[in-house]
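The following pair of complexes shares a single chain, chain A, combined with chain B in the former and chain C in the latter.
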Partner chain A sequence: MPKEYKTPQLDELEKGPWPSFVKEIKLAAKNNEMANDVLGQLEQSYDERLGHWKHGGIVGVMGYGGGVIGRYSDLPDKYPAVSHFHTLRVNHPSGWFYTSDALRKVCDIWEKHGSGLTNMHGSTGDIVLLGTRTEKLEPVFQELAEAGFDLGGSGSDVRTPSCCVGKARCEWACYDTMKACYDITMRYQDELHRPAFPYKWKFKFAGCPNDCVASIARADCSLIGTWRDDLRIDQDEVAAYADGGLDIFNDVVLQCPAKCMRYDAEKKTLEVDNESCRRCMHCINVMPKALRPGTDTGAVFLLGSKAPILEGALLSSVMVPFVNLDDEEEFEDFCDLVDEMIDVWCEEGKARERVGEFIQRVGMGNFLEAIGLEPMPEMVAYPRDNPYIFYEMEEEEELEEA
Partner chain B sequence: MAITIDRIADEMFEMVKEAQEVGKKLKPMDLQKTIKNKYDDVDKPMTKKAIKQLVDSGRLVYSYFGGTFLELPHREGAAND
Partner chain C sequence: MAETKPRITDIGPPDYRQFLPPVIEKNYGQWKYHEILEPGVMVHVAERGDKVYTVRVASPRLLSLDTIRFYADVADRYCGGHLRFTSRHNVEFMTTDADNVPEIRKEVEERGHLVGGIGNSITSMVHTQGWVHCHSAATDASGIVKAVMDDLAEHFTAMDLPAKCRIALACCLNMCGAVHCSDIAILGIHRKPPRIEHDKLDKICEIPLVSSSCPTAAIRPTTVNGTKSVDVIEEDCMFCANCFTVCPALPIADAEADGVSIWVGGKVSNARTQPRFSKLAIPYITNNPPRWPEVTSAVKNIVDVWRQDARKFERIGDWIERIGWPRFFKKTGIEFGKEHIDDYTHAGLSFQRTAQITHVDWD
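This part shows the complex of A and B:
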């Protein structure tokens, strides 16, 4: 019979209309001692305002350096079931598409070998399996592998790549994000499982500028869908939106960051100056039946963002303004460029320095020179803020002579 | 004679062992850089293969302490036995 813990502080987190992790842990605790002891230890932590987890740095599965995050309780006598409480990160399928059978299998494995508690999904995208013992790691890994799953990344490696649902469910996807994500996952298997970088490296694939995976704010390497030709407009649908009561002038035209739209209220037609369009997606989001991305589609390759952990947040910078990732040759070129960037960062980067911080330290000009990429206007993040593009008189003269 | 993966692995193992004896930890990149600087005919894939061999055979293990390191297998300091 498991110990019954009084949890007045945790109980507060069950109140309200939103889902509660406490409610879920209590459900799991009915059949699982680990989940039950988590309740006890967590309540004590809330009382004392003190965490009671110790980091374990060496636990893992044979041959892999990532995928397991070691945790031990510092109160093992009081909460013996959580004396070991390691987390596994499991590589999720591209776009998070599962069959219910596959999910049942993962849950069955986890109830058999772990606490039964999961986090679907972690912020990088992995399936997170919370709480197991050291001796259970190999059996869990073997059973997950038999079910078709592999561990994801952790530590100084390629973290589990993730993508939006892409063309599987979204008509705005400008390239096949799921394929790109899968191909990158397979290509960088060694880097995913055997950490050898100065710090983590995240790939994220977003099918359009809505960036549903928030890649521009947190992925070291972001691929965000875009198009080169004109926005597609269905004027009948524009008129239908107007007839339906949409205030096109105020809600669409005035909200356009590039001010590149003109609306004729009498004719109920919309014009777009495509040269000035910034592909922000606002108008498409408001009038999805009337406006669509163009047909010459691909992705922008950006580099260097990160969420704040050690230093402040960084947004990524454009490296290549347009790459057609659906084209095998261009995909290979993209991978070669990424390899070059990783080599330079590995060679010169400091410990725990993300590639964006590395670029900030050495300067974008030096970084571009090291990877052999020509500067171009699209790389300029802000007007009159381009310290890395220099005018070289000699090069200009050579060009003229040529 | 060209250097073999086995020999690179042995040298890496010795580097980790010596570092650990004086309380230092080495990252995979430290090993790769040292070996590449020492031998002209060693490239990155060879150093990666050597590390894979060391880890797959259990001679070295990965550890995480703010960053990822390679160490000789040992009892985890934080472990509750």
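This part shows the complex of A and C:
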């Protein structure tokens, strides 16, 4: 019979229209001691305005260096069931699609071996199984494996890649994000399970510039769909939107950042100067039946975003303006380029230095040289505006001699 | 001896293809357009005419197995046993039969899970672990999210905003929620360096490891009353709790000093304007559980002022860009102070380097 905790503070969070995590913890606590002690400890945290977890030592499953986060209560005598409360990151399927059977299998395993609490999903994308004991890690791991699931990344390794729903259910996907995500995850299994990098490395795949997985802000390696040819326009549908009351001039033409659209209100036709179009998606978002990305599609490859720790936040920036990830050969070339980048970063990067910070330290020009990419104007918002140019005289002299 | 099964490793995630609903498998890459039919419900139409209806449902993200099994049951009843989750922790039920839509809505709403979050609305908050699971937390995550979303639920179930509004929360500046490009970000902050428990530090921690864990090199080995310990150079500490991660004798959480800050105007989408970082709006609000009323009202105030003042399509950052930061502070009534002015590397880039000024009456 588990202890019964009074939780007046947490009870307040069962009220209101938004679904309540407290109800979830209480549901789990009905037949799980760990979940019950989480409830008790959390109420104490609410009383004291202090957390009660500590980190301590590395835990994991044999042969893997990642995928498990060690966690212990700092009040083990009071809440013995959460004296160990380790979390497993379980690599989610691309696009977070499941069958009910697959979900039930994960539930059954977690019911047997864990707290019965989960996050669907973590902010990186994994299924997060919250809280179990050290000796349970191996059985959970093997039973998950039998059900077809494997652990995700943690520590200084390839973190679990994620992607938007893409071609599965979005007409704007400019490449197959779910396949690219799956293929990359399979290719980097060793790097995902055995941390050997200076720090974490994240991949995120977004099918178009709407970037529904926030890859430009949250992935070291961001692949954002785009197209090279002309926007597809269905002029009959343009007229239908106009007849339906859409203010095409104000809501579409004037909002275009490239000022590259022209609307003929009499004929109800729309014209685009495709050379100037920045592929921002606005017009397509507003008129999805009339406008679509072109058919020569692929992705922009950007590198280097991260949250602020340590040198400040970064957004990813352009490495290659266009790669066609649906073409097997080009996909291989893309992977080779990524390998090259990872090699240089592993070789020269300092511990806990994300690749974006590494590039800031060594200079983008030098990084490009090391990985064998030619500098291109697409890589910068504008050219340098300071005169502190590091001229490489030796090479020039060699050239003169030659 | 018991028979030992060979260990299974490195199998990777399950192949997503086995989980796709048949209508999606059949029309993969062949979708033509979509329409939002009502808040939280959209239909995607394929080139060959097939349709799939999607109902997007709010979840608390922290889920019990009961609720996951409930989702699985709903999927079995209406969706041929398939479902998906979104990048912002919602659940999506997909069905080819429009008649199933009100049934799904009824079932999930009866369980207290709202339908919405599509189009110009406020969708679920990306967030982190907080007091439920993390040692570095300066605040709770799930509790603030629940309180903030209770206040904003009307904008989840309607599409009454000028544009999308993405809110996120991280409970310390490690930012597991990577909140730095959100329309509104709530960020937990410690404001005091770790306390050093000299008497036990050397017994439970490895001093070289502790020193090297500090990203700003603020930790130096020292000796106190004949015992080995460490010193923290307080001016260099930026309250990241990395040291506490490796050494429990350096607790950093402090009930009086910890709290949250609020940031505005970031976005990740490339539509119209470029992706950009969120900027500081409110430097500090004290922790006030269980419902953090000062935080929820601050967020609601920003949403309300934006909603009334912004033009169509303007995300919070686009709106501020048009009206200027002085008018943002004036209209929201948020106080501007020293903390708002950057003093980190390249701070000068954020100074107003032009005589183009909007004049605001501060009296």
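Basically, the second predicted complex is superposed on the first by the 377 of 402 C-alpha atoms of A that agree within 3 Å, B and C clash if a C-alpha of one lies under 4 Å from a C-alpha of the other, contacts with A are read in each partner's own complex, and residues count from 1 in each chain.
Going forward, a residue touches a chain if its C-beta (ideal position, glycine included) is under 8 Å from a C-beta of that chain, and two chains touch if they have at least 3 such contacts.
Bear in mind the structure is a predicted one, so any value in this text is a computation, not a measurement.
Participant: Taking chain A as the common reference for superposition, should the pair chain B and chain C be classed as clashing or as fitting?
Facilitator: Taken together on chain A, chain C would fit alongside chain B, as the superposition shows.
Participant: Who contacts more of chain A, chain B or chain C?
Facilitator: C
Participant: Just checking: does A:D236 make contact with chain B only, chain C only, both, or neither of them? Give me first, second, both or neither.
Facilitator: Neither chain B nor chain C is touched by A:D236.
Participant: When the two structures are overlaid on chain A, which partner does A:E378 contact: first (chain B), second (chain C), both, or neither?
Facilitator: neither
Participant: Based on the superposed arrangement, let me know which partner A:K54 touches: chain B (first), chain C (second), both, or neither?
Facilitator: Once the two structures are laid over each other on A, A:K54 reaches both partners.
Participant: Rounded to a multiple of 10, tell me what angle the C-alpha centres of chain B and chain C make at the one for chain A, in degrees.
Facilitator: 110
Participant: Identify the partner contact of A:M178: answer first if only chain B is touched, second if only chain C is, both if each is, neither if none is.
Facilitator: It touches chain C, and chain B stays clear.
Participant: For A:D190, is the partner it touches chain B (first), chain C (second), both, or none of the two (neither)?
Facilitator: both
Participant: Can A:P198 be said to touch chain B (first), chain C (second), both, or neither?
Facilitator: first
Participant: Pick one for A:L103: touches chain B only (first), chain C only (second), both, or neither.
Facilitator: Only chain C; A:L103 stays clear of chain B.
Participant: With the two complexes superposed on chain A, say which partner A:G65 touches: chain B (first), chain C (second), both, or neither.
Facilitator: In the superposed model, A:G65 contacts chain B only, not chain C.
Participant: By the touch definition at the top of the document, which applies to A:P76: first (chain B), second (chain C), both, or neither?
Facilitator: first
Participant: Pick out the closest CA atoms of chain B and chain C after fitting on chain A and give their distance in Å.
Facilitator: Least C-alpha distance: 5 Å.
Participant: Find the residues of chain A that appear in the contact set with chain B and again in the contact set with chain C.
Facilitator: 54-56, 62-64, 190, 352.
Participant: Note which residues of chain B are touching chain A in the complex, please.
Facilitator: 27-29, 32-33, 44, 48, 51-52, 55-56, 58, 61-68, 71, 74, 76, 78-80
Participant: Over in the complex, which chain A residues touch chain B? Could you list them?
Facilitator: 54-60, 62-66, 69-70, 72-73, 76, 83-84, 134, 154-157, 190, 194-199, 343, 346-347, 351-352
Participant: How about chain C: which of its residues touch chain A in the complex?
Facilitator: Touching chain A from chain C are residues 5, 7-16, 18-21, 24, 28-29, 31-35, 44, 52, 54, 58-69, 71-73, 75-76, 81-87, 89, 91, 94, 112-114, 126-128, 130-137, 140, 142-143, 145-147, 149-150, 153, 156, 173-178, 180-181, 215-216, 240, 244-246, 248, 253-255, 258, 266, 268-273, 275-277, 287, 289-291, 312-313, 344-345.
Participant: Any idea which chain A residues touch chain C in the complex?
Facilitator: Listed in rising order, the residues of chain A that touch chain C are 9-10, 12-13, 15-25, 27-28, 35, 38, 42, 45-46, 48-56, 62-64, 71, 74, 85, 87, 91-104, 106-107, 110-111, 116-123, 125, 130-131, 142, 145-146, 148-150, 160, 162, 164-165, 167-171, 173, 176, 178, 182, 185-186, 189-190, 193, 209-218, 224, 251, 255-257, 278-282, 285, 288-289, 292, 307-313, 315, 352.
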